[in-house]
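Two complexes come next, and they have one chain in common, chain A, joined by chain B in the first and chain C in the second.
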Partner chain A sequence: MQNIQQELRQFVIDNFLFGHGNGNLRNDDSFLDKGIIDSTGVLELVVFLEEKYHIKIHDRELVPDNLDSINNLVRFLETKLQHAS
Partner chain B sequence: MQVEQFLELSAQRSPDKTALVCQERRLTYREIEEQSNQLAHALIENGVERGDRVAIYLDNSVEAVLSIFAVLKAGAVFLVVNPTTKPDKLAYILNNCRAVALITDSRKYAGVEKYSAQLPFLNHFFVTGLHATPPNDRRLKVLSLENLFNGARFSKLPLPKKCIDIDLAALIYTSGSTGKPKGVMLTHLNIVSAATSITTYLENTTDDVILNVLPLSFDYGLYQVLMAFKVGATFVLERSFTYPYAVIEKLVREKVTGLPLVPTISAILLQLNLQDFDFSSLRYITNTAAALPTHHILQLRNLFPHVKLYSMYGLTECKRVSYLPPDQIDVRPSSVGRGMPNEEVYIVDDHGRRVGPNVIGELVVRGSNVMKGYWEAPDATNKVLRPGPLPGENVLYTGDLFKMDEEGFLYFIARKDDIIKTRGEKVSPKEVEEVLYGLEGIAEAAVVGIPDEILGQAIKAVITLRDGAQLTERDVQRHCSANLEDFMVPKFIEFRDSLPKTSSGKISKRELAVPVGAGE
Partner chain C sequence: MCGIAGILNLDGQRVDPDHLVRMAGQLRHRGPDDLSVYTDKAAGLAHTRLSIIDLASGKQPMHNEDKSLSIVFNGEIFNYIELKNDLIKKGVRFKTQSDTEVLLRLYEQKGEECVHDLNGQWAFAIWDSKKESLFLSRDRLGVRPLFYTLANGAFLFGSEIKSIFAVPSVFREIDPVALDQIFTFWVTVPPHTIFKNILELPPGHFLTVQNKQVSLKKYWALDFPPAAESVADGAATEERYASDLLDLLIDATRIRLRSDVPVGAYLSGGLDSSLITALIRKFTNARLKTFSVAFDDPEFDEGSYQNEVARFLDTDHHEVQCDYSEIAGAFPSVIWHTEKPILRTAPAPLYILSELVRNHGYRVVLTGEGADEMFGGYDIFKEAKIRTFCAAQPDSSFRPLLYRRLYPYQQAMQRQPDAYLSAFFGARPQDQNSEFFSHLPRWQMTSKLKMFFSAEVKSQIGSRDASDILRMALPPGYFAWDGFCQAQYLESAYLLPGYILSSQGDRVAMAHSVEGRFPFLDYRVVEFASRIPPSLKMKVLNEKYLLKRCAGGLVPSSISKRHKQPYRAPDGKSFFQGIRHEYVDALLSPVRIRQDGLFDPLAVERLVEKFRKGRAIGVRDNMGFVGILSAQLVVDQFVKNFGVTSSYAEYPAGTAAVCH
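Moving on, here comes the complex of A and B:
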């Protein structure tokens, strides 16, 4: 889990914060509230998750509850990986 | 007629109708009317006078909608500032128009509060979502919006009218070629005229349900709520299009009839898997900001065969210029149509003489929708508002090059100046260049717009570095995103050893504006 969290943080920081702000991004920060991600970003995030973790994300799963913070992402991903194995 | 009457008349006609749906909240026309009256009373009691400027610095939210109408009800002038605006620019705008109050949320308040000393004209913060009552011993008073709405202190009853329709209703800040934003002054008459023309050709009625994902700081987004309230429709407000499926589900659930788009949103929409959704309630889609690529038009027509698709064009200085009637979209997909009702448009040459069909010239707009001018910027105003056919009247020179076919349909060619239009927003290259020059290591910077099918134009920065400086593309984008609104951050960064110069030593931008990937 620690691993996944680190990987996700790194992806978000590299791609949406232009490598900046490692110290400022808290795990429960809403990407929406912080203005970190836009709709193109959501689609990039999904491509990353699908390729990296070999999962299939369904359209209806693209909601803030699953994707809108590091914590939400970790929780969502763990559920997906459990169902996959 | 005044703009706040859009709300007041609809609240009289159908007080219990749902006016606004935003996240989990649903408000009736009566609730919006009463709460905006409360806020208007509070503004007045705190010293806001007729004609004062009040800034709204909020994400798309219930409070943003209430604030717009409350400011107008108080007889004041509202400006909605893009919520991604950074402190320096926010301070410039607030000081430029000498705003007396700022309505914002607790998170943004925490950011702005540090800069209070740089805001000598501001007297009050009205803040939503405050957890604790902030100390009120300072020069700048802080009031909680929730306390104000939930308490009995401020009346829910309407206020006496102070303004007439040639008074200012709004300022909308837009990029200028000097690099500093300019406030477009809109009177009540300007807004009422534009809203009347647009709702006429869109055939809006009280049965419409309009879904808006565009920021209310963008005039296209702002007008959605004004027009919805004008016709007594239901307005569904989303913060953004970040989670497209959540928005689509809402669209289906709320039986949305009207969907305003820009090309970036249509591009995302067309990537989604939409076959399981029921779009039977959708009546029309509008597009403006940049022309839709022709293959998007075809795909949207296939996806929504029963929906009327309006291709439109406009600029903040007059709101909207033209629309293409939906039955023409298959006939002339690259046209942005004709002038809207109660407005005249024509094309002139460099001497101001009208030109014939298919001749390229500058587009001129004549109508009561044309702005009053730029706030306290007479030189800039005189450049675009020039004498028209009638003695004493002014018409708007758009700075956009167009041609018109034999039947009067308009085709956009290019901008006359170097202003970039990206995602429907104007960006001054100078403003971006000034930020770039603020980054240690940059010797020279030139910012140009390059053609982009989706964005209209994409921003490209071409940079030379000082000796020994080591900057990456990411360093530059990071610096820009910390200092500029999101839409102004360059999409492409190119490093060069030197920049091409003209004989007078100026950077030659013409040579730089080569599309990325166009064989070098």
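Moving on, here comes the complex of A and C:
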């Protein structure tokens, strides 16, 4: 999971922070509250998760509880990958 | 339509005519028919002319009998015939048929107060040789541009900043504070421009230079009645508003057809331009030429609606098809004309469209600009209403579903989950009391782009809050207005003159010597609109409700009933489809970004990479890319490589004259 957390951090830093914030992005920072993603950013995130981890994310799963911080993402992904295996 | 420029030497020295010629030379696109300069005492005026009214004798600079007053004028005074008749009754005699002479005579009679009588779109300068004072004025809403600066003991002004830069020794440097404004509000806040020490004469203002003193005065501002007095009472009121408005719009259109050359119209496929075109058809017998831009990309194209209106109104319709690479190809020229960074490519297709108009031999077009601001058409007004409605019941799971109705034309927005729409647009408790409630989502989202600023720019901006300057400039009655009117004000006072009428209006039309005229921005229409109760402008969520009532029967019902689609063009994608554009690679290279100093090279590199991979779909990424590229073009074209190229040689033989 350490690996996944690192990959997710890297994606967020590259894709939404454009290299900034490696020292500033905390794992429990809310992407919405901190303005890290814009209104369409969540779709980019979903595309990344589906392609990278070969999972299918359902519409009902598209909620901040699953997607709105590095910690939420790791927890969500863990559950998804367990169900997949 | 024309270009104007001038110099007043504060030390009393005579003006070097060569400087005036250089200034006018930068404005030749605004006035390809004629170029003249005039010097008197410490003042000099320059003018480039596009002949529209009184082709034979409207030459400028124009003087009164004893040459004590001299005028250079860019624009149109649409009520010049009525003003002239009034003056003739008072015994004033005229030598020409031009509106310029009317303006000069009116100033002769009334001085600076003359601006209150004018119905038009103008920027003009009058040199009073007896008083040794220079008077500059700009129209109420900022249709025509006017810039000025103080440099080396001289006051310099011009229709475009490039004419001021044509004078040797004027300093050219980007102002980080103005860059911060653009990356918040999408525009600079007048009198700021993107360049340090170069100021814009704000809309609705005049300025006097006398005894080495520059004084600025506001003569008009958009105003609304207090919310408590702005309530609709019954169907009879609604009917009366609709009929009075139609009468006004007919007259506003009629006086805008005054011209000695044929007048065309733009058709966007929406309600506003369709209504204007319909009104022209009622008031002219000539076969009207209409012009449109159509896009290869169906997400942006409105060609089918444009053609439907053209058929319905039986116009001679012409369109130009626009693809991604044409937008990217035109973009450097577009920025040469906008003279400021922009966050959208939408001015580029309009630049291409004005070329089509010119190629048809047309110099004047009427368009629907201003209706969205004055009659409540923009999504930002609807968005604010929904946010207020949701904030009133924060636990409602039904209310946030309305957010999906906001942007039906944006594919990426439609795919968004409900929880995110609500989180993005939802009003936080602290937002609800903000004087800028309607505009906070836009400004906050745009402000995130400042992460691309270089450390140096960030440190120069410091902890400054861009909105402080707007807060200080709010009109006295603002807090008593309905929230809807407050949103209208913010849109009309800043985005309208700074972007819609400028980057998307005057500058890209005049690039090809085409003059836009805007019946919805007739000040009588604007003042009437401001008194219409907000509930009739947008009835529940039905935008431009009253205007649609007015348009009933005049435009196809499919046009008045369709969901409003704002005019947009493909943004970042335009630069990464098809051919590779060398200037994009050059200006966004890490080396160049570092040299120019405005942005962070690493962050820009990653953003470009995201576009190259086709992964940048969001509004924010797109605005960031277009903003950065256009800022780099401004640095390249104006700060680093500005060259004075034009001179008399480019004008038809015999038209240039230096008068003393």
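Please note the rule applied: the second predicted complex is superposed on the first by the 85 of 85 C-alpha atoms of A that agree within 3 Å, B and C clash if a C-alpha of one lies under 4 Å from a C-alpha of the other, contacts with A are read in each partner's own complex, and residues count from 1 in each chain.
Please note the rule applied: contacts are C-beta pairs under 8 Å (C-beta built on N, C-alpha and C of every residue); 3 or more make two chains touch, one makes a residue touch a chain.
Quick caveat: nothing in here was measured; it's all calculated off a predicted structure.
A.B. asks: Examine A:Glu44 and indicate which partner it touches, taking first as chain B and second as chain C; both and neither are also allowed.
C.D. replies: In the superposed model, A:Glu44 contacts chain C only, not chain B.
A.B. asks: Just chain B (first), just chain C (second), both, or neither: which does A:Leu62 touch?
C.D. replies: Both chain B and chain C are touched by A:Leu62.
A.B. asks: Once the shared chain is lined up, is A:Gln82 touching chain B (first), chain C (second), both, or neither of them?
C.D. replies: Neither partner.
A.B. asks: Applying the document's definition of touch, where does A:Asn15 land relative to chain B and chain C: first, second, both, or neither?
C.D. replies: second
A.B. asks: Tell me which partner A:Gln2 touches in the superposition: chain B (first), chain C (second), both or neither.
C.D. replies: A:Gln2: touches no partner chain.
A.B. asks: Where does A:Gly35 make contact in the superposed view: on chain B (first), on chain C (second), on both, or on neither?
C.D. replies: Once the two structures are laid over each other on A, A:Gly35 reaches both partners.
A.B. asks: Of the residues on chain A, which ones does chain B touch that chain C also touches?
C.D. replies: Residues common to the chain A contacts of chain C and of chain B are 17-20, 32, 35, 38-43, 59, 62-64, listed in rising order.
A.B. asks: Please name which positions on chain B make contact with chain A in the complex.
C.D. replies: Touch residues, chain B against chain A: 83-84, 107, 239-246, 249, 264-265, 268, 271-273, 474, 477-478, 481-482, 486.
A.B. asks: Using the touch rule from the top, collect the residues of chain A that touch chain B in their complex.
C.D. replies: 17-20, 31-33, 35, 37-43, 59-60, 62-64, 67-68
A.B. asks: Can you tell me which positions in chain A touch chain C when the two form their complex?
C.D. replies: Those residues of chain A that touch chain C are 14-15, 17-20, 32, 35, 38-44, 47, 59, 62-64.
A.B. asks: What part of chain C is in contact with chain A in the complex they form?
C.D. replies: 412-413, 415-417, 419-421, 423-425, 444-445, 448, 451-452, 600, 602-604, 606-607, 610, 615, 617-621
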